[in-house]
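Shared chain: chain A. Partners: chain B in the first complex, chain C in the second.
After this line comes the complex of A and B, so read on.
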């Protein structure tokens, strides 16, 4: 096993989360706004070609945080335009991220139906 | 879709531990780093099983989303998130939790306008603005032939 890779994953993935925590602690940004900002930031960094090197460097440390979701949106759009032209602008992003979104919806639905809500302390 | 201030506060509080800075930021780093390392381990496993890199990566997302939705259903994820803060919010597991948690909590208001609608309280905006940003990016690179 490549321990160096796991160190990079931990450092980069952890850093992205630490930035999110700093935003929660020291700004008025709510968690929902942070998630939206992370995805949009991922699209922008992906579009500028900055995020791909980070993915190559840190693997899941860059793809698992929601900025990676944004990066995947931009990557999907770019590939789809190269393949399908104009239609790719609309189809590329959601096609690339469809497995993750569908998984969240379907597992969310299944487990919401199975389990009972718990009282939050 | 409207939320009462109490509902909004509840979602807000889930990811906002009481103490500040010096404790919460390293904890977020630790929990987020561990979740990403689990993702990397899954990715290595899937690739060892012969999956292509992109397919392995998407399968990792699906696996993490599944685990987070299950832990949310069991009431475990919210307890972990009390310690991990943004470390449990920023990874894709946090996205999954943001879908499953309101779905579960609002099931009592009905399967359509309760569970079905409220599951997108946080995921909805993420998809809306993520898609919008990607379409703007697509228009730009289409016009300038940067693809």
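After this line comes the complex of A and C, so read on.
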């Protein structure tokens, strides 16, 4: 087993989450805005080709946080443009992320049916 | 009859008495320092209902019913009920009080509702429009999160300045009586807006309102903070309380010794760290007043208390559109005595006015 990989995933993933926590604690940004800005940042960094090296370096540490979702959107668009031309700008993002989105909807539905929300106490 | 003292304050010729009161809480409240103050505690945040909104209605109904029971009253003995809560269109009050058949005035004063309802009930009593009135309010952590922030299902993170909405309620029956506690006077707040925009920092948004109302009370009545055992603000929490003391100090009023805050009394911030800056919500000041303060006034442990419930008058729409958060604070002067030298009588109050006119 590649223990170094685990360490890299932990450090990169943890650092991305720590930035989010700092934004909650020290700025007035709402969680929803932080969430959206993470995705948008991922799209921009992915589009500029800066995020890919981070994914190669840290794997899930870079793909699981929301910036990874943004990166996947940009990656999908790039690939779709290469394949289908201009139409790919519109279709590529959702094609690449379709598994994640469908999983979120399906598991969200299943768990909403099984469980009842509780407060955090 | 009520009479005016200065510009903002009303005094009562025959101070209405709080005849009965009750407080309701839930799990987190029962783990806090005031656990013995509640008449009814339900550990399950659903209160046996199918939604948190229904649970909050149940809190309000339970608060009124317990207060009626304790005072040996029937709903038909109550002429008016003044009620409000935090949910859209005050549905906790509507559904909670639906079966009581008491004429209702629905109020919206955000978390200042306990003082607002108690104020109006007292004016109704002293003006002889009613023999007995009920003042009631409630809040629920889970329904308030859905109303003002995010539904809990979304599982958002909380910021350190945010306060914890109390799951609870308070009800007071006001009428003519010769036993304490008495409502001696009220000072009604104006809308104060200092431009705070952070919906997670409501203590800071409400502190200027509390400061304005408190300083007006002292100006109107020519009294001073040393004449009170307790100056209790509603739910400024840790952050807002600090700002209040600072604002009043700038006006030359030092209330360090007398001041406390319902949001700081109801939870132990060290042992219950997830409450962050303290408790909030209508049910915070409502249950602390009706469960903790009124009994102390009745026993004589406290003699003179200024109760200032504070409200942040925001809506989800106004926050999303980037509006500032206006605050309001209503003051109720509660005492274990119906009369004394310190509080201006009708005659003395009219002299205050005369002096002003001469200037």
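The working rule: the second predicted complex is superposed on the first by the 118 of 121 C-alpha atoms of A that agree within 3 Å, B and C clash if a C-alpha of one lies under 4 Å from a C-alpha of the other, contacts with A are read in each partner's own complex, and residues count from 1 in each chain.
The working rule: a contact is a pair of C-beta atoms (placed from the backbone, for glycine too) under 8 Å apart; a residue touches a chain by one contact, two chains touch by 3 or more.
Computed from a prediction, not measured in an experiment: that's the story for all the values here.
Chemist: Quick one: is A:28 in contact with chain B, with chain C, with both, or with neither? Answer first, second, both or neither.
Modeler: Only chain C is touched by A:28; chain B is not.
Chemist: After superposing on the shared chain, does chain C or chain B touch more chain A residues?
Modeler: Touching more residues of chain A than the other partner does is B.
Chemist: Based on the superposed arrangement, let me know which partner A:61 touches: chain B (first), chain C (second), both, or neither?
Modeler: first
Chemist: Touching A:36, do we find chain B (first), chain C (second), both, or neither?
Modeler: A:36 sits against chain B, while chain C stays out of touch.
Chemist: Quick one: is A:73 in contact with chain B, with chain C, with both, or with neither? Answer first, second, both or neither.
Modeler: first
Chemist: Identify the overlap between the chain B-contacting and the chain C-contacting residues of chain A.
Modeler: The answer is residues 21, 24-25, 30-32, 112, 117-118, 120 of chain A.
Chemist: Per the contact definition, I'd like the list of chain C residues that touch chain A in the complex.
Modeler: The touching residues are 27-28, 31, 45, 141-142, 150-153, 156-157, 159-160, 167, 197-198, 200-201, 274.
Chemist: Would you mind writing out the residues of chain A in touch with chain B in their complex?
Modeler: Those in contact with chain B are residues 1, 5-6, 9-18, 20-26, 30-32, 34-36, 38-40, 42-44, 46-47, 59-61, 63-66, 68-70, 73-74, 76-78, 80-82, 86, 88-90, 92-94, 97, 99-101, 103-105, 107-115, 117-118, 120.
Chemist: Using the touch definition up top, name the residues of chain A that touch chain C in the complex.
Modeler: Against chain C, chain A makes touches at 21, 24-25, 28, 30-32, 112, 117-121.
Chemist: Tell me, which parts of chain B touch chain A in their complex?
Modeler: Contacts found on chain B: 10-12, 14-16, 20-21, 24-37, 39-44, 57-62, 64-66, 69-70, 72-75, 78, 85-87, 89-96, 98-100, 103-105, 107-108, 115, 119, 121-123, 125-127, 129-131, 133-135, 137-142, 147.
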